[in-house]
């Protein structure tokens, strides 16, 4: 193993730079050359490679986004794109690859390994929807960003009886909505993993009202429906004056939290070690305070979300 | 002057608690009794008064919202409501009143003074749309809140060519959009005070693109149109993939900035002094680092926004 | 089990209010009466008890500190104090107790259980120095607070060759210094768990200088020595112009992070369940995304810090 | 006027990058070439110049510190250094200079103008100690940074009777201490502009105690003495358990506040206009919402601080 490469793929997430930095520094510490690939798999196929030095990752650990840019590139699901990518990797003399991203990135990495090119996956997405790890890179920062906003909404106590619908990200996963719903003491949390009826939500709101609550916060995962759509449904119960907040891409940005900076460092460091040990098709993760390594394919077939459902139950009993 | 009262009216704003605290502490320092009226003019008419002590305002200077709650109460525009209010004020033995809020609150205060009840106005609104002062209470906090969010949006640099429309508050005023547009280096700022065409906006976006900008931020004042509506108009130029962020009530909350805490303290302190000097129908403001006092009626007839328009021009020349 | 009580003891930590809130709400949800004890064990012995309702914990989840106040009370190590405490608990008809705090609080809880009064411990301290859990309540908030400050120090890049010594809390544990050292890319991390010589530190600084670094950050755990003392030792190598930052109690405060709010909710919820199941002498913790329960005495005899030392090694190899 | 240069000098301050950005963009907008000089006057004499493009200032408006670095360079007070500087400016074909910094920077600019080289000054320092403007660049960010920390200290309410001494920056000026003292509701504010005795401070503390306050915050300007020294004096009154917080260089960093970003933009824009109008020896400032221009020499001879003293009096009457 003389030369390795790293890329970020899919939606960007805070902490990706910390992982890139760790890959570069650990690699150089061990005498390797490290290349960065811009724009994920699209850049790989296009041959958009650059040598990364220690200076290139200086002062990046505190930055949001990714210095390697990111892109979605569905074409890489096809064999043709994968072979093109390997051709480029070989052209640049790369012996091993580290991909930071979500399940799409993982599938690409598994495919490359199957084709003989050792690839390691690092879970990087704010959605926390990748199995094989307690937390994905960026999730902790995203939920802190959402909470700061919801705390501000709580401040604006008014005499009007008002309902705030806060639409948060998470694709098909409810993790962001659930954690921030618990963290903000939201009166109602609506996530894709749990069926619900508008009647239940209205009942939860009215319980709060009955206990003298002036305003109600509903944390809504985008995977269920849009905040505007949800507010329209609510408006059928016309006693509500509903306000919708769509935080949008605010949730993807921001300086990474302490957790994501350390997590990124641990992931990047161990991904390099895996390549050095000749491994491939493996993804790095954490279980508690231990680093774990799983087969990418097995991982993608797993389900996570038991802890999520138990959290959901806890919330039911402390936010009634 | 033995007993004074204070209320907050209209939309709440960070710093209102700092002003209330200053009114209470300065009043007590001078040997007055201070009462708080809940829910603005609605609470006044309903007789929702309470004695405020130093403890009641303890640890409130750093809190968003208003401990006196706020309400919109159009009925107070009518003489009947005003007389009812004075009746309640007299019932509680109040000799003078301080109202914290926007132009609606000012008109109520002017009417009460005209009816013989001395009232002083403090400009409290995030919209910065009250003449007679450089800044209104809450504006500084609001623009910092917006900027934190826009900085996060900037982080999520992607390879996709993308346009972000950020809808911010301000009612009919463009101050929040303009200040945060300059502060975030937005490629385009759209405010009610300046006519614009979609063609101009698109031109500004494309200039940025031409200089290699990956993504574009448009700061849109709610007084122009909604972010969703604006994005629809933009989508006619289909090369754009537009994302909309509606910060909503996030902008009204949050712990007040240093500026708003000090401003609130200065306003509250001087409002009490005005009442002690037997004044009424006056509103407090700042011009630079000096406190100014204006007749409420004259003030409401004035126009501000010259500085705003010169700021707009500065931005044109440094954000081309 | 009809009536339970909760107290916070030792140094306060962000997230304690989230735990108190969960104890109160879960207790009431299950039909229990919940009492709060002010000032920890000191208040217990003094009989400073109060009934807690759902309103008492309203809007507290986002607040730093503890609404029950906290106190150190060494006298509680003696049997006499413990018996006095049980006497008070019985006087108020309490059937079970939950203590939130550090090892001192745990020992008190273990003693009470041994004397027949069922007590459950929740790990609440920013120092992360309690075995039996991956993380203690408050640690995550504290390291984020420290990082925000160190990020600001990094900003002030000057042409002077300068060394910043940042003294952080942690009592005898290096966790805060290590996590924030990694998270800020500190050139040197000095913790009690690792021997060091000034020569080594100076060598690390000079390596950075050799690579053109303008300023150096040393993260120093208070358990090693004070920042001022450390700076004096460094000043022997007079080419350094050293600046010392002592964040002090800033690190104990602040609105709890998302992690600490959820962790506090999980801890409080499960502590109540333990009491309901007739358990005592147990402390709650988390291992990864699972809740764990350990015997307090065994826990206090355990050592944690293996993960810490591996983190230390990772940092050595990515921050050379 | 074909080619202008800009430098930052003295202690760096948040907002300097916003001013540099405005100078570069306004200059280029008007068809000028803009050069940056690294390390202030030291870099000028050393000939450390570089051409600045629009890309060089991209994404810098939200960054703390200064991309041009800063340095103190007392030698520039001597004619020899000034002539050397002008020689370099001419060598690079510079027709006009903009200096961003404190009084030292101003004196340098005045000297250059007197020697025939037109120079404009922009007030850039967190200390707010430059006459001729209501606010200096960086002050607003610094007081917000300090307040965030003091708010956290307030959180850690304990049963111990405790006094917190918070030492803040400001050189010989008390502005930071006074504004943050008012903004945090500090029990005592100690600044160089006001004589005080320890007895008075102790009296203020004890008044608070008498009203049941659990802990006391003293905001101390570094211009008076160090926090450690102050705490020692206080400890003579041994009933106090005093904690000292020295925020240090944290106060110089951080992403600039909205105010400082807009102020920097206004200053930079107008400084370029002055040069274009053939002016020199002028410093830019704001009075309220208007831009003002003063002769540097006259300005340095003026005193500011009347508003400061009236603020001090307000605080006396609302924080008793």
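The letters A, B, C and D name the chains in turn, as written, and every chain counts its residues from 1.
Here is the rule we go by: a contact is a pair of C-beta atoms (placed from the backbone, for glycine too) under 8 Å apart; a residue touches a chain by one contact, two chains touch by 3 or more.
The structure displayed is predicted, hence computed values, not measured ones.
Asks: Could you tell me which chains are in contact with chain A and with chain B alike?
Replies: none
Asks: As a test of understanding: of all chains, whose mean C-alpha position lies farthest from that of chain B?
Replies: For chain B, the chain whose C-alpha mean is farthest off is C.
Asks: How many angstrom between the C-alpha centroids of chain D and chain C?
Replies: 36
Asks: How many angstrom lie between the centres of chain A and chain D, each centre taken as the mean Cα position?
Replies: Averaging C-alpha atoms per chain gives centres 39 Å apart.
Asks: Using mean C-alpha positions as chain centres, tell me how far chain B is from chain D in Å, no decimals.
Replies: 27
Asks: Please list all residues of chain D that touch 2 or more other chains.
Replies: Answer for chain D, listing residues that touch two or more other chains: 151, 154.
Asks: Touching pairs of chains, all of them, please.
Replies: Pairs satisfying the touch definition: A-B, A-C, B-D, C-D.
Asks: For a test of understanding, state which residues of chain C touch chain A in their complex under the given definition.
Replies: 21-22, 25-26, 29-30, 54-55, 59, 61-62, 134, 140, 143-144, 146-147, 151, 154, 179-180, 182-185, 211-212, 255, 257-259, 261-262, 265-266, 268-269, 286-290, 307, 311, 314-315, 317-320
Asks: Using the touch definition from the top, list the residues of chain D that touch chain C in their complex.
Replies: Listed in rising order, the residues of chain D that touch chain C are 11-12, 14, 38-40, 42-43, 63-66, 69-72, 145, 149, 151-160, 164, 228, 243-254.
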